[in-house]
Amino acid sequence: MPSSGASPNLAGMGDLGKLAERLREFAAAREWEHYHTPKNLVMALAGEVGELVAEFQWLTAEEAASIMDDPQAGRRVRAEIGDVVAYLVRLADVLGIDLLEAAEAKLAESERRYDPARYRGVYRKAPPLE
Amino acid sequence: MPSSGASPNLAGMGDLGKLAERLREFAAAREWEHYHTPKNLVMALAGEVGELVAEFQWLTAEEAASIMDDPQAGRRVRAEIGDVVAYLVRLADVLGIDLLEAAEAKLAESERRYDPARYRGVYRKAPPLE
Amino acid sequence: MPSSGASPNLAGMGDLGKLAERLREFAAAREWEHYHTPKNLVMALAGEVGELVAEFQWLTAEEAASIMDDPQAGRRVRAEIGDVVAYLVRLADVLGIDLLEAAEAKLAESERRYDPARYRGVYRKAPPLE
Amino acid sequence: MPSSGASPNLAGMGDLGKLAERLREFAAAREWEHYHTPKNLVMALAGEVGELVAEFQWLTAEEAASIMDDPQAGRRVRAEIGDVVAYLVRLADVLGIDLLEAAEAKLAESERRYDPARYRGVYRKAPPLE
């Protein structure tokens, strides 16, 4: 998007950065920034995750595994996940956290903490890394 | 990563796609795929969001707004957000949902639903789109 | 309720026990017991708590403190809390846990763990009891 | 407790009322009332429910159904449920909501909304009551 003008550095942002930018503009256009405090956004995220959980609560493991084959339920799940992503990206933007870096750092820690041979097939909580 | 061999199409994936791939490998290396059902992952996501909420629960709005200035709390918030992203990406991967598309679709809907002039400054729930 | 017949021991139950009994009858009358597994009920509880959180997410601390003065919002909060209680009581009933005993045991632990003089006015996480 | 002085009406309270009173005293003794705003307590409740969900996330339906047979897991579940009850009772106390009344009102509504014959054996969302 080199010619967009409004955000000259958009070209250097990843996809999540572009979404963060669009959410920022969404809030600014409605003068809703005062709602988007970390505390409020964390609550909004929890609320949306609650709605996502509710889509799965009465399904058996088998029904849950094929939920996307049901057009109506699949549409609802996609919409709830979309809400979760939007609030998570907005929260990270407000806090100044890079979502991908945060996830990769945590994954790298889990890779060290859970030795594949030792934990093969059966999860149990590993002691924290020293 | 053109020479990785294992995932010849990684080059064409966005950053989230690469993270999804890495999480898939993490689960496969430990034979943990049987844990990663949609129902279980949605619960894991809810659990991690609960831990994130807990970081903010006793803070005033002002304290929450500057939480990243506190090195210890900031590190915990970043770690919890990393866990949330990891489970969200893994869930979306298992369900076959594109997280960015889902968020953009939901945002486009909100842009139509919340007319900037009409909702300026004060949020209230809009009626669903017809 | 000595003459109810169906539950001769209701008279000896506390209020929560009577609610648990009524929820049991509600599920039985609809043949919904197969939905009410611990895993499903814990998800239903998380979903309802998410709806409760959503009632508070955009409110300032001051607005939240007087939410019950707003008849509409107050009615929604009361209804969401009612749902939370119902699923919590049902979950405890299915698991065979006495909710009051569990809360009192946890409170007794916190009373020992947080010395009033030492933690006066400022919360911080205490080390676990030895 | 007729001679406690501080709460002459404790004798007339139900069990939940007595727990609410004890939680009030717990907060007062530590001067923690300023933390116990509705917004903060709703977040604490969500955090504790997240921890409860986490106890069940990797269990199969069968394992979850017998979780209380495992002494360690059972102890953790009981402790998490105790925390959930404590924050729920404290929240209701601060908001001035009677938990039992709220649950009974919601249950009465569900009893009307879900006709046993019509919904027998299979849950689906009923339309709201008119």
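Note that the chains take the letters A, B, C and D in the order they are written out, and that residue 1 is the start of every chain.
One rule holds in what follows: a residue touches a chain if its C-beta (ideal position, glycine included) is under 8 Å from a C-beta of that chain, and two chains touch if they have at least 3 such contacts.
No experiment lies behind these values; they were computed from the predicted model shown.
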| item | value |
| --- | --- |
| A-C compared against C-D, more contacting pairs | C-D |
| Interface copy of B-C among A-D, A-B or B-D, judged by whether over half of the contact pairs recur | A-D |
| Between subunit A and subunit C, centroid-to-centroid distance (C-alpha), Å | 28 |
| Centre distance in Å when subunit C and subunit D are each reduced to the mean of their C-alpha atoms | 1 |
| Multi-chain contact sites of subunit B, meaning residues that touch two or more partners | 35, 39, 42-43, 46, 49-50, 53, 56, 58, 61, 123 |
| Pairwise touch network: line, ring, star, complete, or other | complete |
| Interfacial residue positions of subunit D with respect to subunit C in the complex | 14-16, 19, 22-23, 26, 29-32, 35, 37-39, 42-43, 45-46, 49-50, 52-53, 55-56, 59, 61, 64-65, 67-68, 77-79, 81-86, 88-89, 91-92, 95-97, 99-100, 102-107, 110-111, 114, 116, 119-121, 123 |
| Sites on subunit C touched by subunit B in the complex | 39, 42-43, 46, 58, 60-61, 123 |
| Residue ranges of subunit A touching subunit C (in the complex, touch as defined) | 35, 40, 43-44, 46-51, 53-54, 56-58 |
